[in-house]
Amino acid sequence: MDAQEGPQRTPPDRNPWHQTLWSIVQARPRFAIGYIIVALVMIGAIFAPVLAPYNPVSANPQSALLSPSAAHWFGTDAVGMDVFSRCLYAPRIDLTIAVSGTLISAVIGSLIGAWVGFHGRSKGVRQGIGFVIMRAADVLQAFPVFVLAIALVASLGQSIQTVVIAIAFVNIPIYLRLMRSQVISIREMKFVEAAEVAGVSHSKIILRHVIPNAMAPTLAQLSINIGWSVIMTAGLSFIGAGVRAPTPEWGSMIAAGFQNIVTGQWSPSVFPGVVLAITVFGFSLVGASVETFADPAKVRRLVADIAARKRRASAPRAALGRGQ
Amino acid sequence: MSGLPKFLLRRLAYLIPQLFGILLLSFCLIKTIPGNPAVLMLGPMAQPDSIAALTKRLGLDQPLPVQFLIYLKDLAHGDLGTSWQTTRPVLSDLIDRFPATIELVTFGLLVAILIGVPLGILSAMRQKSVTARIAELYGLVTGALPDFWIGLLLIFVFYTILGWAPAPLGRIDIAVIAPPTVTGFLTIDSLLDGNLDAFFSAISHLVLPVLTLGLINAGPIMKMTHSTMERMLQSDFSRFEVMSGLPRRLVMRHALHNALPPILTIISVLYGFLLGGAVLVEIVFSWGGAGQYAVQGVLNADIYPVLGFVLFAAVFSLFVYLLVDIAYFLLDPRIGR
Amino acid sequence: MNGPLVNVTDLRVEFPSLTGPDVAVISGLDLAIEPGQVVGLVGEAGAGKTVLARSIMQMVPEPGRVTKGRAELQGEDLLTMSERRLQRVRGARISMITANPRGELNPLLPVGEQIATMARVHLGQGRKESRETARAMLRKVQISDPDRRYAAYPHELSGGMAQRIVIAIALVCGPQVVIADDATSGLDVTVQAQILMLLRDLAREQNSSMLLITRDVGITAHVCDRIAVMHQGEIVEAGDRQAVFLRPAHPYTIMLLAAFSHNKRLRALWSHADADKAAPARGEQACSYVGRCPLAQARCRAEKPMLRMIAPGHEARCHFPVVR
């Protein structure tokens, strides 16, 4: 019998949702921090034209390589563009590329993965196709990810769309495997069998019954992957295979400041890196929160932590502990 | 151990179709490039008649499957094409440069393992300790930091400000005479040569890039070690050992033994990933390795170096995976017997 | 030795919940096991049987917590014992067997070594002596070809064989109490009976007491001296095997027996039962069975019954026990 045989009685009353939310925030403040960071970056990007003190692409050789000051919070770069304004605009490019690349790979990868997982046990052509697809994923993953992306950008021509395609392409195997392994276990469950017996078509079963029940790990992966794709986009731009200056983009900004850092002007390179790191950090925290709620073991630990906090908060009840 | 040869044979049989897939994919990559490869190969200054001659020689006027066969035949002869930038065969260029990349990546990975594995184990053993909190934060932060940027910061602090590290320009001081090439690893070659100047110069040039790779990649290794170790400690067999009153130390040791195969996997995947992933660090430190060579190729429409590198790296990854499979076989009695 | 070997008194185990107040999975539970006695604990899934077993071992599944009561082994409270001392008690004086034998064994260690480890840790035996002990134990649990099986890995064994190994590990140190939590449910029916008999014979041979936890009433009828019936975290009836089987007093026990029995009299007694109108009891003021009880009266909703004696050695937690 499962160790988790347990609370079957419905609790007499439920806490209001905001109280539950607040207790989660108290026990895991970093989740809240993650959502706040992501929200701030999004808002900054959307309202950049209003918020940015300078035009992000207008060079001003008179004020090149200024240190951070009240006029230029993050200083200026080698051609005199305001680093703060450019940092504010950058997520418009970086996040667009990262989010669309990740979403495309998640949709394509999950659909293929679900199909392969669903037909893994059936005989004949479908199983054969599934086998070929999985071996193709093996091959794809044997390639060095970053260089494969560079090669794709090189062979498809350099543009924002190409970077999106490259990111989507190298991420597909991740979602393919994730969804496939989920679907294989869900495939065996009774409700799928029931749907099959009821004569629902396979594609409908996959879309309506299997995928919704297999989504959780994919969703957790999504946010983490967006952060990772931001780094990848910046990396591609850093070597000149992605977005090109003067378009505001973190990676190309870091690259532009590279020459100056050796001579001591750190701000044009360091600030975009800090903003990028904080953004990615925010997305990983959001991913971690999704991961927690998708994993029963992690939810149990969260519940235990919240309960421990409550006990500490109400000292009289704590004194009533066991062993009196 | 009688099963090992049979096991290896099966793995090798598996390797061949994978290799074929890699070749097919790199072939497709060439074919998606717009324009005539002969033009790309000869460079922008080529004469029309030499282009026509090369087109014929390369079989570019043949149908695609035939071209693929020609491609395979060339590969079998060790012909990976020619780089118009260096005007040398890509194969010899890569043989010169690949060891530099592998040396960097190997040391970087070693540092990452030395940081990541102990930290992961410690944090899994003591759930709510300070170590566990630090480890968790470390994992989150390193996951958010681009390695090329950390490289820049290290250069700024240790070269520009403190002046402790040598200038980020290659693998060895220009003033120091490099040892004759044996393995291609400067550290090993200089020791073989008995040239301590070269050895220390090579080491001092390695420190910052290796630290960059090590610090960043310790993150995923730590996370994987932690989560695997945690899963093992929460598994039924660990619970049963605790329930049977085995000492904590023994329970931990058994959990670690069971956690090793997955940890090994992530390390091997990282090894392959780093070959390409270290490209950025190579550029920051002007490393002159194969990755930088490939990137130069990309930026100058010199496609054969890129393909050569991709191929080298993919084959190298496959080789590492094979080694891991063997380690798996030795660690886990459930596999392959 | 005076008093029972194992004595659980007034035990309460609570699980915190994310959205409401804590849920008591076990409350006010008393259970005693005499030396050499085999006690059967029966009840449906979710009654809290496993939580009880794990509480006695001081290994309550997360995020549960013992909030009240004692669990004594020869007068010494296990619940307040130091981790160090517990380690010496577990496996040596009290051991536990559960439902998933193959998962319980370390997959990377030969099974014989796992038995020998117990002898080394708890009996202080040397390498050679412990191997001998382990081989002897393999013979005792009737494993054929013990010398060869000693070196086998868990994945090479059948479920029944693995369970024999688990039993060997649990019994090699001659514990005073063995808790068998649903120990046979994953096995073939024929193997189930063999394992059960083996367990009973070995326990009897070593003069170990046994707590046999199961959903299958039939099992307890064969091997137990005493039966305790558990429902929603409480013992609702306890007594000698004869008494409980022949003169069940609590309506829940009657229902449980009727479900497993072809006895016409029992079934007739329960002809008016309607087990599925389950409306779980709310609060602690009512009898926990009142929602499902066909004999419920007003008092059952107003006042919680205590476990009280209805005949010598026979107790029931019911205001209106069925007495014949």
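Here are some notes:
A, B and C label the chains in the order they appear, each numbered from 1.
One rule holds in what follows: a residue touches a chain if its C-beta (ideal position, glycine included) is under 8 Å from a C-beta of that chain, and two chains touch if they have at least 3 such contacts.
To keep track of the chains, here are their UniProt names: A, B = ABC transporter permease; C = ABC transporter ATP-binding protein.
Quick caveat, the model's predicted, so the values are computed rather than measured.
Here the chain at the heart of the shown protein, by mean C-alpha position, is A. Across A-B and B-C, the chain pair carrying more C-beta contacts is A-B. Mean C-alpha position of subunit A (ABC transporter permease) lies 46 Å from that of subunit C.
Each chain gets one centre point, the mean of its Cα atoms, and the points for subunit A (ABC transporter permease) and subunit B (ABC transporter permease) are 24 Å apart. Subunit C has its Cα centroid 54 Å from the Cα centroid of subunit B (ABC transporter permease).
Each of the following residues of subunit C touches two or more other chains: 98. Contact with two or more other chains is made by no residue of subunit B (ABC transporter permease). Residues of subunit B (ABC transporter permease) that touch subunit A (ABC transporter permease) in their complex: 17-18, 21-22, 25, 29-30, 32-34, 140-141, 143-146, 148-149, 152-153, 155-156, 159-161, 167-168, 234, 272-273, 275-277, 279-280, 283-284, 291, 294-295, 297-299, 301, 303, 306-307, 309-310, 313-314, 317-318, 321. Interface residues of subunit A (ABC transporter permease), counted against subunit C in their complex, comprise 1-15, 20, 24, 299-304, 306-307, 310, 320-323. Taken together, the subunit C residues at the contact with subunit B (ABC transporter permease) in this complex read 57, 59, 86-92, 95-96, 98, 100, 103-109, 117-118, 121-122, 153, 155, 166, 169-170. If you check the complex, the residues on subunit A (ABC transporter permease) that touch subunit B (ABC transporter permease) are 30, 135-136, 138-140, 142-148, 150-157, 224, 227-228, 231, 234-235, 238-241, 251, 254, 258, 261-264, 266, 269-270, 273, 276-281, 284-285, 288, 297.
Against subunit A (ABC transporter permease), in their complex, subunit C makes its touches with residues 15-23, 25, 45-51, 54, 61-70, 77, 79-80, 98-99, 181-182, 185, 215, 232, 280-283.
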